[in-house]
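One structure below.
As written, the chains take the letters A, B, C and D, and residue 1 is the first residue of each chain.
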Amino acid sequence: MAPRATVDVEFSFRVTRPGPAAISVAAAHADTEELTVSWHGESELVEFAHGTRAEVFALPKGEHRVTYHAERALTDPEPEPVTLADVAVFTRPSRYCPSDRVAGLVPPQAVKAKGDKAKVDAVVRHVHERLSYVVGASRATDDAIDTLLAGEGVCRDFAHVCVTLCRFLDIPARYVGVYAPGLSPMDFHAVFEAGVDGHWQVFDATRLAPRQTMLRISTGRDAADTSFLATLGSELDFLGSTVFATTDAALPVDDGTEAVILG
Amino acid sequence: MAPRATVDVEFSFRVTRPGPAAISVAAAHADTEELTVSWHGESELVEFAHGTRAEVFALPKGEHRVTYHAERALTDPEPEPVTLADVAVFTRPSRYCPSDRVAGLVPPQAVKAKGDKAKVDAVVRHVHERLSYVVGASRATDDAIDTLLAGEGVCRDFAHVCVTLCRFLDIPARYVGVYAPGLSPMDFHAVFEAGVDGHWQVFDATRLAPRQTMLRISTGRDAADTSFLATLGSELDFLGSTVFATTDAALPVDDGTEAVILG
Amino acid sequence: MAPRATVDVEFSFRVTRPGPAAISVAAAHADTEELTVSWHGESELVEFAHGTRAEVFALPKGEHRVTYHAERALTDPEPEPVTLADVAVFTRPSRYCPSDRVAGLVPPQAVKAKGDKAKVDAVVRHVHERLSYVVGASRATDDAIDTLLAGEGVCRDFAHVCVTLCRFLDIPARYVGVYAPGLSPMDFHAVFEAGVDGHWQVFDATRLAPRQTMLRISTGRDAADTSFLATLGSELDFLGSTVFATTDAALPVDDGTEAVILG
Amino acid sequence: MAPRATVDVEFSFRVTRPGPAAISVAAAHADTEELTVSWHGESELVEFAHGTRAEVFALPKGEHRVTYHAERALTDPEPEPVTLADVAVFTRPSRYCPSDRVAGLVPPQAVKAKGDKAKVDAVVRHVHERLSYVVGASRATDDAIDTLLAGEGVCRDFAHVCVTLCRFLDIPARYVGVYAPGLSPMDFHAVFEAGVDGHWQVFDATRLAPRQTMLRISTGRDAADTSFLATLGSELDFLGSTVFATTDAALPVDDGTEAVILG
């Protein structure tokens, strides 16, 4: 029987200017899930490209609290084919992945590697070796070039750099927000998918959690598309969050290079 | 009877590495249109968000030539509502519109203006006054910050700056590639749409052609989404293009501030 | 009789990698001064261009404490002529004042103003109005473009932006570290000098203290030249500082536009 | 007997706004030299730090022509010691060498190398291998980060990148404009000096000419300090230049790593 994953999220914030806000924490393919909010009022489900879902609330001023609980069986996911439209969108530069400006920083071993899987593996190895994982080092406005210059960052920054280098190599690459059982300290996590052999495979240059048991939350061009809490005209102060994601079986070992499909 | 617009495009290029290329020159709502290419082979129609269409060809090495002819009656277009998903996507920063980095460059008169239409008008006036239209000044990798620093650019750069400033002000804004009867010298043109009073209105800080007779080609976050010729792994040298777009009636006068819907 | 100024500085730091460090806190034209350090060992006086002095110590590992006391009569200073070499050096771009990249951000009223004094006044007024003084907003690596984009900064950032805009206008401009009686909260302060009517005049877009009673510490192209504590191969953690600068007479009123010479 | 070098330079330009311009083409330690200009009028010799000389002319509107001829015996130069003031100035970031922003781009082999000479050699080898020499690829406002991103540039850009990386490693490094017999095509050339074993040694990551027979023109922090023609308020259109630099003996072979002192 497939192992089961459980996700529990809680976060709170204070709204200082009322208006709509989009909450995007839903795990893909959840068997059961519940989103609760500490205020009364309508919400509207908004579906974005690539399956990302957001619940949009019109938030009044004051302090609010959100919880989310989900469970899901970790069955083997179906590979998702890379469409021609995917190739067009995900080889383009985007806000935090300016792939049209990094010609000089692509590792020669990735250029020389034969085949797209080998190229992506070379990118991941290079980024893993050259970037230091440092909490608090980066800013919300940092793009992949800022990260390459600084030589350090968090999961968001690692994913941005990898996506950027892959796109420069004409390999479609997209940014994915995930729940990552085994991550320590536990938090929202970010990885990336590359189009290899005609379908999307998941990669993680931080190597902080096994890819096999990750759960997809949101998919997009970069972090601009995948915020778990986005203000659409409202203003708020974030007050804190806790994230838990576990499985009921031992975590797999991830050697970092095995082909893994994200469900 | 509604005036009619006629579009004729021709361009050629030399493919140096074979592979797919996406041609996106189709005028929206054309009554009749014809795309011809100088080689034989299948193509695939790819439809993107917001109605942008591309024809993708697998191009062999060598020199190729593309022509496009379209005709269309310029009837009054239906206003397109701004959806919640539009708000989410088009208030985010994008590759050439880094709206999360321009707090210090937003004109005070746009911040102070009452209402979204007045704010967009203030942005357009500011950009029209402060930027010089200079052909050849900008590079393909320039974003709105590069343009603001340089103080000059072409239609693409004017549109990027306006989109960036509007998004900073929480007004949804998107980039639109158009045919623009009256433009001189004639070429592909770029303008932008802002979400005002619940629907999309078109603006043009270059003021080089009347907005009322423009024909939409492609719609997206910025120029990364709207190239008329995009390589998807192929490599090519561009050899030149001619663009004609005319109407069979006198061109309207555009005072620059009237609300205009783009069909 | 001329009023007298008194300066008292104290700061401490922990050296983590031994090596030379340059301490540059000496007030220009001090009548009496004393620098004490909490360790024993030789130091070497290094004199830089434009009168900046540094005392260089070979620092062992561990915690160290520096004090500086100076007194000076605030007599009317002699105007310093702007030499041809000054013009050459101080109209060039420098690390934090990239005057060759801000063509689009120079205020039109400064371009239009007649005469160099009027141009500098227009720059100062523009920067005073458009930048917000926000402690902790900027980073040590920020240049004037970063500050213009952010729209906020501290005295260092205000001075960098003014210097940058003046140089773009072909007006020689240099960065000056000063003691500023009346500043609140008291700290090291930074202002700038522009070459107007053939001699150096001091300006301050923060308008946080009267210019007439400021005491020059160091003079250079930008903050890279004027650090009060510079490591020359050593590494250290800064532990804190206190700065006092007062006069024995009432502080003058500075209307911001009067021509003032810095002693 | 020491071989002799001969230098001949000619360039012309059209002044569109009258004003002073600084011409800095004089070879250091020339035995004989002559500078001619095609207009009549006074000039003033300005001497900068580190021996750079400029002749400043007040130029009227119109077309002007400059020639320079020099001869010099290439005797073994005296090593120039690196002073404490040199260390302070030349480990700082400067306009085109932002050494405070490249932590992530310093090659690991340079960090690991033992001793300053080995570190500089590692920097030079890295830059020689990773950058492509491409004429016309870079812009006058490009700094070392722009060059690292582009992966290509000319001698100016190669020198800026090397200087930047050396300064990050706490090794004093400065930019030098030179005449370089053997360079092809012949032009003004730029190299860099690093402070190694207490004195300045010259390095050239382009490896386009032997360092042993180069003649120093100007020395500074970066290209901002070493222009052969700098406007100090005037404006001009450059019309072209020819540069010749030869020796009367066979050119030496430069293996790229030998310690060389620049005269």
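The criterion applied here is as follows: a residue touches a chain if its C-beta (ideal position, glycine included) is under 8 Å from a C-beta of that chain, and two chains touch if they have at least 3 such contacts.
Labels paired with UniProt names: A, B, C, D = Transglutaminase family protein.
The structure presented is a predicted model; accordingly, all values stated were derived computationally and were not measured.
In terms of the stated touch criterion, chain A and chain D have no partners in common. Comparing the residue numbers each copy contributes, chain C and chain D share more than half of them at their mutual interface. The geometric centre of chain B is 47 Å away from that of chain C, both derived from CA atoms.
Taking the mean of the C-alpha atoms as each chain's centre, chain B and chain D sit 44 Å apart.
A straight line joining the Cα centres of chain A and chain B is 30 Å long. Shown for chain B are the residues that touch two or more other chains, namely 101.
Judged by the touch criterion defined above, the protein chains form a single closed ring in which each chain touches exactly two others.
Interface note: chains touch in the pairs A-B, A-D, B-C, C-D.
Against chain A, in their complex, chain B makes its touches with residues 20, 22, 44, 46-49, 54, 56, 83-85, 87-89, 91-95, 98, 100-101, 140-141, 170, 224-225, 230, 232-233.
By the touch criterion given at the top, residues 101-105, 108, 130-131, 145, 147-152 of chain D touch chain A in their complex.
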